[in-house]
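Taking it in order: structure first as structure tokens, then the write-up.
Chain nomenclature is as follows: A, B and C, assigned in order of appearance, with residue numbering initiated at 1 for each chain independently.
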Amino acid sequence: MEPDSKLILKKIEAVLFYLSEPISHKRLSEILDINMENLKIHIEELKKIFVDRGVSLIDFKEEIFLTTSRETSDCIDLLIQDEQKRDIGKAGIETLSIIAYKGNVTRKEIEYIRGVNSQFALRGLLIRGLIDKKSAPYDERAMVYSITTEALMHLGIKNIEELPEYDTVNKQLDVSNIEDKDHE
Amino acid sequence: MEPDSKLILKKIEAVLFYLSEPISHKRLSEILDINMENLKIHIEELKKIFVDRGVSLIDFKEEIFLTTSRETSDCIDLLIQDEQKRDIGKAGIETLSIIAYKGNVTRKEIEYIRGVNSQFALRGLLIRGLIDKKSAPYDERAMVYSITTEALMHLGIKNIEELPEYDTVNKQLDVSNIEDKDHE
Amino acid sequence: MNTDSYTVKTGVFEGPLDTLLSLIEKRKLFINDISLAQVADDYIAYIKSIEDFPIADSAHFILIASTLVLIKSKSLLPNLSLSEEEEKSIDDLEARLVEYQKYKKLSENLYKIFGKSSLYMRMPSKNTKILFVPDDRISIARIYDNIRRIIIEIPKVENIPKTLVQKVVSLEDMIEDLTERISRNFKMSFKDFSGMGKKEKVSVIVSFLAMLELVKQGIIQVKQENNWDDIEIETNTVSIPRY
């Protein structure tokens, strides 16, 4: 295979891997900047690589995506159960505490308060339904996190104001104008 | 390869694909219900599959995960459009370099080399997830910083040895040792 | 200059080692006592030009300035004997500069590849089934304990130690003090002026620095008869110009 062709294959694989959802042939051809005909040739080539593997390539109705293969499904089920059974960990409880007391809080604020990256902690809490994520009331594009009603019920309270010393703690968590502080 | 072994490989691949975040060797061995020794054999086997592909396997600090390969980054950049990606200050990149090349290093050592207070540079790197902080192996109370997989990914490398001039620098570092850190 | 080159934003404050290294590199010199003696004046001029010292770093700046003064005075007064400790601080400064230069170069190379051809993890799936599965270890008490601890650890900007600065004697004050005392006594010894033996080492060094500054400006002359002898300071003019 020509080197160029090899790179196209790699790029298709990378895009499919990165996106966790189906992508249309058309959009894929735009991203790779190649024509549809050329794309289809490469898709057929890529299918050969994904035979008898832990990940399968599905090409259906002009849409294409990667998914875990059938034989591994019991293992993935185990993984999902394990994800949900595990201790939420130090990062998880810290992040949850901040979200509980602060209410509608951005990832940036959480990370500023904790002083560490909290991407995976947030993801873990989301998957378990302890927190949810929505657009901020003040800005459509900003995403804010808050504790779910189910989580509050689990804690035996109806709203966050019932948390111990809610008012004081909420004020102490104020980190507005954090931009200015983050330089040397 | 035995059919059983083939299935283990598929399962590892599926788990890594599904999780989309690093998983420790230990947890992976539990989910697959195989011992660590057996797991490591299979990880090595799997690495061979992921040579020269659109997806790379990274095995760093006893954690493993899949990422897109560096040759495909322009395509993924198109999907992400993260303008802040290269946004790291002089203090940030200097501090990151010291941590990357020296490995487990204390704040004091970093400040001795840079000659300036590095508190905020360290915080910025921690928040971005480019470094992490833990107790030193030699002393519980001493905190040391080290580079994360996230940082490797940013630099487009799969392991620390791929850092520019890593070998040369490390040889020099073995010779020079900083005495009298306290005379500052 | 292309946009990818490594540049320092204007107005960004540089540290003492960085400043010193730039001065040496600007003259295309290697790091050694000769080049350090050559750039000592530039470095001191730089310190004097900065109005807002970052509090946390000013002590570092002055300490490095003192070492530079030692190096320079040794080059000006070859008879001058330095104590073992002083010799060591000179060696240390050279070693630190070499070390810093190495990391600075490495960081420039790292910057070239930073974020250039990144590897990416898979995007988290949007269709992940969300099941409410609390961890039984989550309780109000645990949340409260955690938040109390977190609040204590939120960085307070004003925590930067100010005490460091109080210990450091300002160069300007020293020069003024020296000028005044010289015009009063006409002839005095460096030992008397600096309070050697009584004051902290930093203060002695800053005095020396001030003295050299005055020599350079032609206000005073210094004389040292023999090694280890005290240094005599004399004024050239009776009226001391203000500067």
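By definition in this document, a residue touches a chain if its C-beta (ideal position, glycine included) is under 8 Å from a C-beta of that chain, and two chains touch if they have at least 3 such contacts.
Note that this is a predicted model, so its numbers are computed, not measured.
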| item | value |
| --- | --- |
| Identity of the chain that, by mean CA position, is farthest from subunit A | C |
| Chain whose Cα centroid lies nearest the overall Cα centroid | B |
| Interchain centroid distance [CA atoms averaged], subunit A/subunit C, Å | 45 |
| Chain centre separation (subunit B, subunit C; CA means) in Å | 33 |
| Rounded Å distance, subunit A centre to subunit B centre (Cα mean) | 20 |
| Set of subunit B residues in contact with two or more other chains | 17, 20-21, 66, 68-69, 71, 76, 89, 116-117, 123 |
| For subunit C, residues contacting two or more additional chains | 54, 120, 122-125, 155 |
| In the complex with subunit A, residue positions of subunit C that touch it | 13, 54, 120, 122-135, 137-140, 142-144, 146-148, 150-151, 153-155, 157 |
| Touch list for subunit A against partner subunit C, complex | 17-21, 80, 84-88, 92-94, 96-98, 100-101, 113-115, 123, 126-130, 148, 150-151, 154-157, 163-165, 169, 172-173, 175, 181, 184 |
| Subunit A - residues contacting subunit B, complex | 7, 9-15, 17-20, 31-32, 49, 53-55, 66, 68-69, 71-72, 75-76, 78-79, 82, 111-112, 115-117, 119-120, 123, 181-184 |
| Touching residues on subunit C, where the partner in the complex is subunit B | 8-9, 12, 15-18, 54, 56-57, 60, 63-64, 88-89, 92, 95-96, 99-100, 102-104, 106-107, 109-111, 113-125, 155, 160 |
